[in-house]
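Below, chain A partners chain B and then partners chain C, in two separate complexes.
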Partner chain A sequence: MNLVDFQSAHLLVLAPEFLLVILAAVVMGLDVSLPESRRRQLGLVAAVGMFAAMALALIFSIPNGDNALLFGGMIRNDLLSFVFRMIFMFAGAITSLISMDVEGLGRRGEYYALLIASVIGMNFMAASADLVMLYLALETTSIGLYVLAGFLRDNDKSAEAGLKYFLFGAFTATVMLYGFSLLFGYTGQTNLYAIAAAIQNGSVPPFITVVASVLIIVGVGFKVAIVPFHFWTPDVYEGAPTPVTAFLSVASKSAGFAVLLRVFVAGFQGMALRMPGASWLPMLMAISAVTMTLGNLLALKQNNIKRMLAYSSIAHAGYALMGVVAFSQEGVAAALFYLIGYVVTNLAAFAVVILFARVSGSDEIADYAGLSRRSPPLALAMLVAFLSLGGMPPLAGFINKFFVFAAAMRSDLTWLVVVGVLNSIVGLYYYLIVLKWVWVKPAPEGASPIPVSRPYVFALSLLCFAIIFVGVVAAPWLDWAAQAAASLF
Partner chain B sequence: MQFPFLSIITFTPMIVGVLLLLIPEDRKTETRVAALAGAALCLGMSLFVYFSYNVGQGGYQFVEKFDWIPRFGISYHVGVDGISNPMVLLTGIVIFTGVLISWGIDDRPREFFAFLFILATGVFGVFVSLDLFQLFFFYEIAVFPMYLLIAIWGWKVTREYAAMKLTLFLFIGSVVSLVGALAMYVTVGRATGVYTFDMLKMAEAQAAGVFNFNLNVPLLGSRPFEWVWFPFVFFGFAVLGGIYPFHNWSPDGHVAAPTAVSMFHAGVLMKLGAFAALRVGIMLLPEGARAHLPWIVVLTVINVVYGAFIAMRQTDLKYMIGYSSVSHMGLVSMAFATMNYTGYVGGAMQMFAHGVMTAMLFATVGMVYDRAHTRQMPELGGMARKMPFVLLGFTIASLSSMGMPGFAGFMAELPIFMGLWRAGTNTADFIAPYYAWIAVISALAIVITAAYLLIAIQRVFFGEISEEHDHHVGDVTVLDKVAITVLSITIVAVGLFPILMGPMVSSGVIAVLRIFGGA
Partner chain C sequence: MVPLSWYLTLAAALFCIGIYGVLARRNAVAVLMGVELMMNAVIVNLVAFWRYVQPTAIGGQVFAVIVFAVAAAEASVGLALIISIYRRRNSVVADDMSLMKW
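Coming up: the complex of A and B.
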């Protein structure tokens, strides 16, 4: 542990978060003061603000490598949290951009304010090194997301999604809290690194660590959407407004991974080392295999693209989990790298879904017939996104999967790699089915081109470029991820 | 550092493909001209590389190497040897003629050429790869455009089914190989302390005995490392080479694909599988190869003979050539299974010879189909009068295919059978005494090949032309004739002047056999 007394310089570490708080207030203020006709600009303000927060983070908040515990041990200033914070802010910015033309969301200041509040919560989820802080951050994130999922309250499905998400979320968070309390009860500590030390030197009974780890997996598993805590996913993804779905599927999932890495790989590290057979490792291995298999198999049957992407996101959680259970620096690096690639890819996929639904009013896969003739650029973006999800080079998805598999292989998890590659075949199949509708099937009579406004053009071009860039120029990202991973071990 | 010829060859198609997508949709002629220019550049460069390869020196030439992802030991590493160099030239020829033949495509030519060119980048990339990661990278790039090319521009009746079947077969194959490749990567890394995907370094490690240990396999007990992983790697790639019993995707894919894609598919893509099976399977796991290839010979015989018989039974011209391709690619795998010099020279030559000749067959069949709108042999006839040039091309390719002296096929097929006959001498396996018989049985396939091709020529080009065809079938375009000429010249040139290719292939083969020890 590397506990550091408060210095005012530490505030700079949180500079992006301060900016985000101000941003949320500004958006709310503009919502009141701008005339109705100009409220579409709110999304732009939110997006620019979050990009600015990223820039601010890059200038002031890059951790110096001493992995110090700041603010009385609440926050750990390491590269892992930094990478995750960048992911969340990027996802938030893109989500704001792709919300701008969505009816019922795009012109509502409170929507953006809630989104920003969730991003702030996630940033702290990734950075927190203390169970209290962690829980606080988790709730900050979740409460915002519950409201966002049910934001279109006149829409039954959206309302149902909000309620369902809330009930599941509140329940699993409580279970997790019980796990936290067990750890606190036996160690007298709330700081994760102090708890890690206690587990490491064996002062916590093994049985208690096992129970606590199971309870915590419930809470984290809900966020990440792994089997068997995935039941909410398809309904919430389908019912929630699509930009919120996009945000949930990338940012909320990544936030779950941030907690997973922090609590398990760092906190319970000693447990995995001391009793490899009975720790959380074999449990997560099994979960990883079941998650990707079930996610992919259920995705096969879906006719609604949002439900399909929901199951696909479950499957992808399984792949990324492979990197975590490889339990090595390479593995964690591969998992992080996987998330980076997955975030840009899935956001691109959802951006197309949003644009398409605005014109057709439908999320049925069959309605995508002939998109390649209606809007060739949009079809091309879809091609890039879905092939990346399917794991084809030169796109991010290929290299992501490759490294996850390689890392698992290095940890002698050949069986898991075999499960993974078999799953990627199933995955490719249903992604190709969507592309078949887009590219092969003829368009319905009188189908009009799909208008794409400028923020969407920008977002989609940026994302497609990023998908290819991550897929080809992988070295810098991977180095980043590897350094972040090193801060856990 | 020398001029990066191979990188330019590899990435030109990709860049051209992306640029094509930027051309406005209604500028169809400009699109085609740009595509042709790109293809011509590739062909020119590959010709240059082919003829400036220093045969006397041998080994890998035009090598370029940069770190790509150093943390995982991945580099961008390209080079050609005596085996891959003809393959690069073959790809150049097929992409050039493929563009010429696709001139008439009117439905979204921009996207068609763009996808075809991305495919070409994948193919070039695999042939020049000296890094295992990079090889997979390009291998997959070569797989997925096939799906779109077949599903969008293919034959309406079967295209969706065939495209999906093909893509899934090839993807399954590639991921199976991937597992084996990762096993090699991890093993080499653990033993030497340096994790690397560089195939040359992996081969060195193999030669140093890194793979000489046993693995515990469920049900089979303790088995040597190479024995366990060779089948994964070999069959994973050989799926794309059309090896029995995983050949099933291939005729369906050939038939459903538009002409240029069939040419690419049968002419180049199937070689990709055989080539990768050689490069990764046999060259990196020679002991595994030595253990498994004797029984794989039996599969290849089925491949060759059964493929020929099925081809004989077809009335659809394209299915006939599709199965003929399976049969001939069986010869390539068979050659690799001989594990001797003669056989390997034949196999490497066959990859080139079959590539050119099958591209020609598919091209000419496509020309007939485009004009007569049927591929059923009983409905065709008398095409010689309408399109004599197509008859010429089809005949040259057929003669090569049946192994007539003076054509490329002869230079390839004869050594394969000779090699197979002799293969018994360098193995002590149970199968050793029967190699001569196997050679005789598989040589029968040549007779069958001659039969179905001659029957096809007779039925399609001679005999009575139906009244309907007499009215509307016209001659082929100048561009088609240029394509036929290019392919014909290649077939005859290699057949008459084997010195153009023999020594180069030989230099590559000797290096491969050195891995097996002596020979």
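Coming up: the complex of A and C.
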């Protein structure tokens, strides 16, 4: 674990991140050199670049299974971080595609550059094995996202969303950092695995591990939007430009879960849990139950579709958290699988919202009336996405929920599973209400079809295909998730 | 030499003052100052721990320097966001930012 055993082969592990850095620079360069009329292609460049980074990762960076700590112990090269990095790059690429036609966003090089910078930060969040690296990665992600949330300076709501996101984010990140400083102080180490070893030796008082875990839950809880750190979610989701909301709701949340899994299940907190006197698990169980319930109940009475999806994303964080509190290899696999399904599903839902808002200029659920007659393909995509969110078979949402519940059952959390199942029913209700507007209500007079340009067609068909594919052919994905979970321990 | 616990108490006090500032102030700039105070508490913690627990290793110092850098980046982005909202509304008071309510 020192800098001396650096080999140039280690650089290949980070090949996709290097490509992303270059890509950000290229996008900024093109922004200056392309004529105004061709700036729309910036989104295409960013998306193709991120897909290329995924391909590069698949060719060069698949971990070899020794789970080595690289770069002086900063990075852990395991399959879990690899899967998460693929998720982030996929989400980034799709977000670029669905941003292309958005007013004030799609033709701005700096927008894509910030998006790519956030993806890089998330990649390192998932891979980091050191407190310093973790904090730096988290801030790289967050600072980019603060700017993205407030990107539309001429829009009051966007500016307000950016500021709110920043104030909450900076506050919670600093609280978490205080927890890091305590851990560093009592162990003299910054490496997560060295800290785990120190805790196992019993050199840290249990009181300190409890305090540190509470402080870290504040920081990570903000990222994944769990109760009681969810206050920012509806406001920021509603105010931020919709593609940014989509990216926040899937990638930022998954990044938070990556940290949660590494720090709490496999890392030093997991170690602490096996020691007497320090336990965060009951706390997270309660948070999971409250998060699902509150998210779903508050989603019921929303009229704005972005706010409704914000509360629904809080509820989904609660479901995925069930996999974490199951506290087993199976639970980690289930949580990871859940996130894979959630990413494709929620991106599809937001893609439709973006397309609809471009024409109608509205995010009110009531304005979706008669979408099935205005634009049948779009309504079909919405049907697939929302039924998957509601957990209907044979779509991804069903099989995801099934495995999370199964993992919780295996860990004897029957009460939590009951809460989860009841919540799924509530959830299905409000997703079906949206679909009622789309499919049953008549369209208003003179409603025109909604034009869908080619990048959106590609993104939406890819996502809908993925939703059905993950739902029907679950085995390989689950297998992948299980292997990734095994690499964590 | 001053004992370590004094530094830790100082840091904890700074941290609490920072939290109070964040939670009690309505002005966005004041909230940002509260966050900065919390950051400083962390830095005091890190440097004190480094000096007393592991003066031979460089990890603590590196951590402190990185926190400095991040704090600067965060403050600049935060002030930019505050200015962008001030230009639209002539106000940076949190109570005025109520376009969206749950």
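Observations on the model:
Convention: the second predicted complex is superposed on the first by the 475 of 489 C-alpha atoms of A that agree within 3 Å, B and C clash if a C-alpha of one lies under 4 Å from a C-alpha of the other, contacts with A are read in each partner's own complex, and residues count from 1 in each chain.
We take it that contacts are C-beta pairs under 8 Å (C-beta built on N, C-alpha and C of every residue); 3 or more make two chains touch, one makes a residue touch a chain.
Owing to the predicted nature of the structure, the values given are computational and were not obtained by experimental measurement.
In the superposition on chain A, no contact is made by A:44 with either chain B or chain C. Of the two partner chains placed by the overlay, only chain B lies in contact with A:440; chain C stays clear of it.
By the touch criterion stated above, A:478 is placed in contact with chain B alone, chain C being left untouched.
Looking at the shared chain after the overlay, A:357 reaches neither chain B nor chain C.
In the superposed model, A:418 makes contact with chain B only, not with chain C. When the two complexes are overlaid on their common chain A, residue A:167 makes contact with chain C while staying clear of chain B.
Residues common to the contacts of chain A with chain B and with chain C across the two structures: none. Of all the residues in chain A, the ones that touch chain B in their complex are 330, 333, 372, 376, 380, 383, 387, 390, 392-394, 398-399, 402-403, 405-406, 409-410, 414, 417-418, 421-422, 424-425, 428-429, 432, 435-436, 439-440, 474-475, 478-479, 482. Interface of chain C with chain A (complex): residues 8, 11, 15, 18-19, 22, 28, 31-32, 34-35, 38-39, 41-42, 45-46, 48-49, 53-54, 57, 59-60, 62-63, 66-67, 70, 73-74, 77-78, 80-82, 84-85, 87-89, 94, 97, 99-102.
In the complex of the two chains, the chain A residues touching chain C come out as 131-132, 135-136, 139, 143, 146-147, 150, 153-154, 156-157, 159-164, 166-167, 170-171, 174-175, 177-178, 180-182, 184-185, 188-190, 234-235, 238-239, 298, 307. On the chain B side of its complex with chain A, the touching residues are 21, 25, 67-72, 111, 133, 136-138, 140-141, 143-144, 147-148, 151-152, 159-160, 164, 167-168, 171-172, 175-176, 178-179, 182-183, 185-186, 189, 195.
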